[in-house]
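Below are two complexes that have chain A in common, paired first with chain B and then with chain C.
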Partner chain A sequence: METIRIRICLGTACHVLGASQFQHLADHLPASLRDRVQIEWTRCLGLCREYSGQDQPPYVMVNDQVVTRASIPSVLACIRTQAGD
Partner chain B sequence: MLASLTATMALEYMSGDCMIARAAEIIMDALPICRTRRISYSTFSIVDAAADGTVRLIEYANPPVLLIRDGAAVEIGRIPVGKPRWGGRVLHYAEIKARAGDRLVLVSDGITQAGLGRADTPLGWGYDQMARTLTRQLEAAPDLSARDLSQFLLSRAIRMDGDKTGDDMTCACIYFRRPRPLLLLTGPPFYTERDAEVARYLERFDGRKAVCGGTTSDIIARELKLPVSMDMGNFDPEIPNTSIMPGIDLVSEGCVTLAKVAEILESGVVPSNRNGATRLVDLIQQSDQIEFVVGTAVNPAHQDPCLPMELDIRRNVLKRILRLLETKYLKETKVTFI
Partner chain C sequence: MTHDNNAVRIKREVLIRIARLFLQGRLLEEIDRIPLAMHPRDRQPTRCCIYKGRALAKYRCMASLGFAAEQEEDELTPLSDYARRALDGQPRVKAPSPLTVLETACSACVSSRYFATDACRNCTARSCHTSCPADAIAFDQGRAVIDPEKCRNCGRCLQACPFHAIIRVPIPCEEACPVGAVMKDQHGRVKIDMHKCISCGKCIQECPFGAVMETSEMLPVLNAIGSERPVVAMLAPAVVGQFPVPFGKLITAIRRLGFDQVVEVADGAHETARREAAELQERLAEGQLFMTSSCCPAYVDAVRKHIPDLLPYVSHTPTPMHLTAEQVTREQPGAVRVFLGPCVAKRAEARQDPLVDHVITFEELGALFVAAGIEVDECEEADLSADAGLQAGRGFPVSGGVTAAVRQQLPADADCTTMLLDGLNKKSLNLLKVYSRGKCPVNFIEVMACEGGCLAGPCALETPGRAQKRLDELRARVCTSHPSP
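Up next, the complex of A and B:
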């Protein structure tokens, strides 16, 4: 079972658009995935320079997959996809 | 009101380079006299300290200014000054040559009379006891800042009064020491070719160091080959978490943190929670010469109209901070845009 790496951007744009909600992400993980998920906070993923228009912050990376306008439900959905649930 | 009038007059005369004795005489002439107690409102102590260590002080009816040198209270030689028209009221003038490490403590009688009426201190704890309390505190903490020493004395005096002050209490401390420099680096340089130059400047700076900005701290970590990690100890939903980098006193996020710093400096009230903004305010308050090196590269994502209005551009926030530091906090500042 491979570890799923979550990287949460805490850069300025992500922070003002709600990245702090992810402090509770671990509490929302299904029990079956809890041991497989590794959560990391980063100063800035630098994605706001690459994305524009509808693809707004906050950004979260689930392995190599970028979740734009990330919310706890959208990040959980991406984690489940990566886990092959 | 008369205390404010006296203080305003003294400050204006001093900033206008008026001689201290002349300023005090004008104030004495202007102050009204209490009919019953035959003393004038209000009492005052004026200290005029020059950069070469020459300190002139003039006092009227306050507890004497306390000089603490090498851990002990030192007597200051005072010359009484009176005028026939003052009706027996006397000023005391003194001149001293301050040495590094000296502290001058100015207090109102509300402090020396703290504890008045208590069984163990019927006349208040008194000047000598207050001086002993201060020297003992400095023995325990020899580098205590002037601000912390004032706060210590004030809280002690309030405690002596049973946590409710019987009289107004004023305390000011002056600590003669070398200025403390702080370098605040924020924003990536406009030309990336200058990243290395900024990083070297930070590395060689002799003083405290703060780096504000995620990209900025990544540039410094890359150029100086330093490890940098986020400190997720205390999560504050308002201010992004700080990071840890060896040799740097504070590594924080940029715009949100700096906007909060400007807000705290404007209000003058530092919230008790520890986050990037309150820690930066602490660093600023503990420093005298603050040098800003400001990278002017703009992150286009920050200009997105969907972002909150509070996310002001870095240069505007810094302009507010600089104005406050110079006018309200009397700090020396220097800014370089890069």
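Up next, the complex of A and C:
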């Protein structure tokens, strides 16, 4: 099974709009997915510039997919889709 | 509540949008669109409907412009009108309280705190009923019902029920207030008694509806930055771990916002510790039994308003903010002095202090970065001073840090016992009341209104745990790389 790569943006906009909630993301992963998911904290992914002015942070990437206004439930939903659950 | 939630997010989003419009020079033209942009028709409403969301966003904008929601005279006054007045420097009435209540945001949480739930078995014993001193419990459709008009909130029914069918529903703002300043009006909506309020900001943090806000000073600061006068940023020691970057980068980022000079209040904190240690020795020599710290403004206000007998025991040493402002004023007369911190009560303190012009919170600082498009991590790392005194002052924002810094200043053989009151609550206030009668088991008490210290302040951006980790790292790193003499 392929690894699902989660990138949590640590850029200023994401930080101000609540990225630190994801420090608990690992605790929320279902047991069936825990070994398949790899969580990374990254420097600014630059997505705030791409979606500039729309105030969509925090951004999280699940593989190639961007989750805007990310929250733990929305990231988990995206992980499940990617895992084919 | 957890640190990151939607109420906090909305508050910060409003600040970002206002700062951005200001920086783009379009504040007056576009501010009235903010409520619409934040609550578009196609997004699911968080309250009853998008229109309520928009109405609330308008009040949040008012607070972010520096106006209290209570200052509204005509509901039809557009935000652009408030913005114009804010740009003219108008809301700078030195309001006694930095807090404002958004009455329409308050959900009027039920006043009766005890509820009989579906778990009620309609038992024969009915011990809830027999234990109730107010005859507030009736039985209807096979279950207990508590009459909120009669209930006295004694909680005996809760203890009596063997099925745990009765629950206590707390009112978060009331529960959070350590001094009983939060009350309800006849409609059940929140009211803050400003004669009791100590501006600790715990109600801001705890209200799940974001119904209490602080009136922002972001706009006057942006105005000052655009003016001829030099603007000095005085950074509270709690700033160190607020962003996930090395502290030196944060200093550069703050300069890039347009502050002409950035100074650390840790410097003033060191001076506070030095003077406080001297004052303590003096007082003990004069026969006084004990002294308490005075750097936490919410605590000092609590003493003034609720435990006046303790006032003689509170240190007279000025706060780190004041001492830093004094130095800035000496070196740069005419500069605009802005304190940056995690604290609402500091705003109240600054409004009484002629040496401090404005206070902005870390949340507002973050909003300014986002609005200005400054990526803190991409800023160059400024050199940090490794001055030993500064290093000691950097420890102030963590509970116990003041005591540690004061101890360092006392002679090694000084016979001095200390105590930490970490967080103001009913219990610690009662303890202080007992000590105010002149009896205290220790010589020095450090009091912090926020549990954990300033790092846990109501307007901090980072969780206290992470912020402390970064602060510890900085203090260790700067110590080892530049050994102090």
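Criterion: the second predicted complex is superposed on the first by the 81 of 85 C-alpha atoms of A that agree within 3 Å, B and C clash if a C-alpha of one lies under 4 Å from a C-alpha of the other, contacts with A are read in each partner's own complex, and residues count from 1 in each chain.
Just so we're on the same page, contacts are C-beta pairs under 8 Å (C-beta built on N, C-alpha and C of every residue); 3 or more make two chains touch, one makes a residue touch a chain.
On a predicted model such as this, the values are computed, not experimentally measured, just so you know.
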item: First (chain B), second (chain C), both or neither touched by A:Thr42; value: first
item: Contacts of A:Gln56 with chain B and chain C, given as first, second, both or neither; value: first
item: Chain B versus chain C as contact partner of A:Ala83, first or second or both or neither; value: neither
item: Footprint overlap on chain A, where chain B in one structure and chain C in the other make contact; value: 10-13, 15-17, 20, 23, 41, 43-44, 48-49
item: Complex interface listing, chain A residues touching chain B; value: 10-13, 15-17, 20, 23, 41-44, 46, 48-49, 52, 56-57
item: Residues of chain A touching chain C in the complex; value: 10-13, 15-18, 20-21, 23, 41, 43-44, 48-49, 53, 55
item: Chain A partner contacts - residues on chain C that touch it in the complex; value: 2-4, 8-9, 12-13, 16-17, 20, 243-244, 363, 366-367, 369-370, 373-378, 461-463, 466
item: Touching residues on chain B, where the partner in the complex is chain A; value: 214-215, 217-218, 228, 230, 232, 235, 237, 240-241, 243, 253-256, 299-302, 304, 306-308, 310-311
